[in-house]
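Letters A, B, C and D mark the chains as written, and numbering starts fresh at 1 in each.
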Amino acid sequence: MQQFDAVDPDFESRVRAGFQRQQFMSTLGAHMTKVTAGEVHIEIRFNPAWTQQHEFVHGGVITSIVDSACGFAAFTLMPAGSEVLTVEYKINFLAPARGDRFVGIGLVVKPGRTLTVCSGEVLAYQNGDERLIATMQTTMMMIAR
Amino acid sequence: MQQFDAVDPDFESRVRAGFQRQQFMSTLGAHMTKVTAGEVHIEIRFNPAWTQQHEFVHGGVITSIVDSACGFAAFTLMPAGSEVLTVEYKINFLAPARGDRFVGIGLVVKPGRTLTVCSGEVLAYQNGDERLIATMQTTMMMIAR
Amino acid sequence: MQQFDAVDPDFESRVRAGFQRQQFMSTLGAHMTKVTAGEVHIEIRFNPAWTQQHEFVHGGVITSIVDSACGFAAFTLMPAGSEVLTVEYKINFLAPARGDRFVGIGLVVKPGRTLTVCSGEVLAYQNGDERLIATMQTTMMMIAR
Amino acid sequence: MQQFDAVDPDFESRVRAGFQRQQFMSTLGAHMTKVTAGEVHIEIRFNPAWTQQHEFVHGGVITSIVDSACGFAAFTLMPAGSEVLTVEYKINFLAPARGDRFVGIGLVVKPGRTLTVCSGEVLAYQNGDERLIATMQTTMMMIAR
């Protein structure tokens, strides 16, 4: 794991404020459980409202939490007054999204002036067992306001 | 656009039944507005509950409808008694998800015995204007029950 | 297919000059067989030197021609004096790269000030038959010199 | 890093034999410098014949070594008598491919009966400095002969 220095000392409050403004995250009941320079975790609990036809959580919901985690991980390293947007991502689903609780982890791989590349993982927890269920590679973009 | 022949003459009712069982699609208020051999459309209306920090629809929601559209497009060409799952996808966001209504379009590019490759698009409609806001490339897998 | 207007009337000579400077393309014996605003074709002939263990052309060579085709397709729409670089791509291999001749086709999907999204295809030709063997989705970036 | 057990005790000789049959790897002067269960390294030296217009190594060549490294990493965990093929990959280019020597590293993330997901990295070496220049996420498929 790489170590990064945030240029904005107040990055955590800036990132948490951005997360609060994502209504979809609050609709999902998501919590931001970790915010450090270059790493963000976002967590949801199982809810039948988010499921697909096999009663696992829909891949789009799993994608949503790790997309937000990666976006905010990139955002931790951006200057105050900037905005972040998702250019693109690719996700592989490794196992069914079965569990009580799901954690999307976003990690910066390479920060850049305009583009930041992140990798993401989603872990599922069931009865105390942890399982890697998805892995993401994504490109985020800084927008100067 | 390629033409495909479905091996299952009842593919439409099978696909629509699968869609009905995706609780997340009903949570989103999604409708399946087209089902033909190799092509499926899924539509949602704007709802502030699905938005991100800039008040556009969250990328994960946009991804969800086109993921489902691609999965069901692949499923139209699979035999009765099979199941479909998403192996992976990659999506590029081309414009902000601003609009009254969003249509995810899934198209089969190459059906296969085990794997089917699809391409997806998401169109946003606002005051009658249509705009391409996302494009997806994805691999779906057939599971024989 | 979308129509695009090139801002640089001399885009074709600029693009062809860039292609001439890609030594790897000349190592592969590649030809640029089409250059229009938003679309570029690059063609190679079969050569056992480019094969993998099953005697088909290596996926990395197939990727190389369609990566260059997409990059130059994006470059047709960029202003004189700019440079293009590949941010990222995703490619699906649909069929073995078996044939006498392979054509990588790059098409602009969405041009942008900084980022341009393209889609690519690779066609294989054998005894007059044409087959789609790969499909790409990619993000290109303009660098102002 | 995960630890994997290879089902085939002779995986190394099987993997090295597969690599020997990839004529494109020998055209590139590539060497397989590491083969363990779930991890393979493939190395090339700089050669102007592989360059693009800015005199860096072409992205397609960088992709080729890490594609092969990932494919053979997946292959280390497959049974004797099987074959491996690349379903798809996504690669981000993080820095120009400038250097004397380039190492493609393939790592298994999740092995499966049919599909294996790998992650790849490419390191560039110049005057003793090491730099991460590309990161890949890929799906490989086992073919039973």
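Note that a residue touches a chain if its C-beta (ideal position, glycine included) is under 8 Å from a C-beta of that chain, and two chains touch if they have at least 3 such contacts.
Quick caveat, the model's predicted, so the values are computed rather than measured.
Of the two chain pairs examined here, C-D and A-C, the one linked by more C-beta pairs in contact is C-D. When you average the Cα atoms of each chain and compare centres, the chain farthest from chain C turns out to be A.
We define each chain's centre as the mean of its Cα atoms; on that basis chain A and chain C are separated by 33 Å. Taking each chain's centre as the average of its CA atoms, chain B and chain C sit 28 Å apart. Centre-to-centre, using mean CA coordinates, chain C is 23 Å away from chain D. Annotation for chain C: residues 87-88, 90, 92, 117, 139 touch two or more other chains. Only residues 90, 92, 94-95, 109-110, 117, 119, 132, 135-137, 139 of chain B touch chain C when the two sit together in their complex.
Interface residues of chain C, counted against chain A in their complex, comprise 87-88, 90, 114-115, 117, 139, 141.
On the side of chain A, the complex with chain B involves touching residues 18-19, 21-25, 27, 48-54, 57-61, 63-65, 67-68, 83, 85-93.
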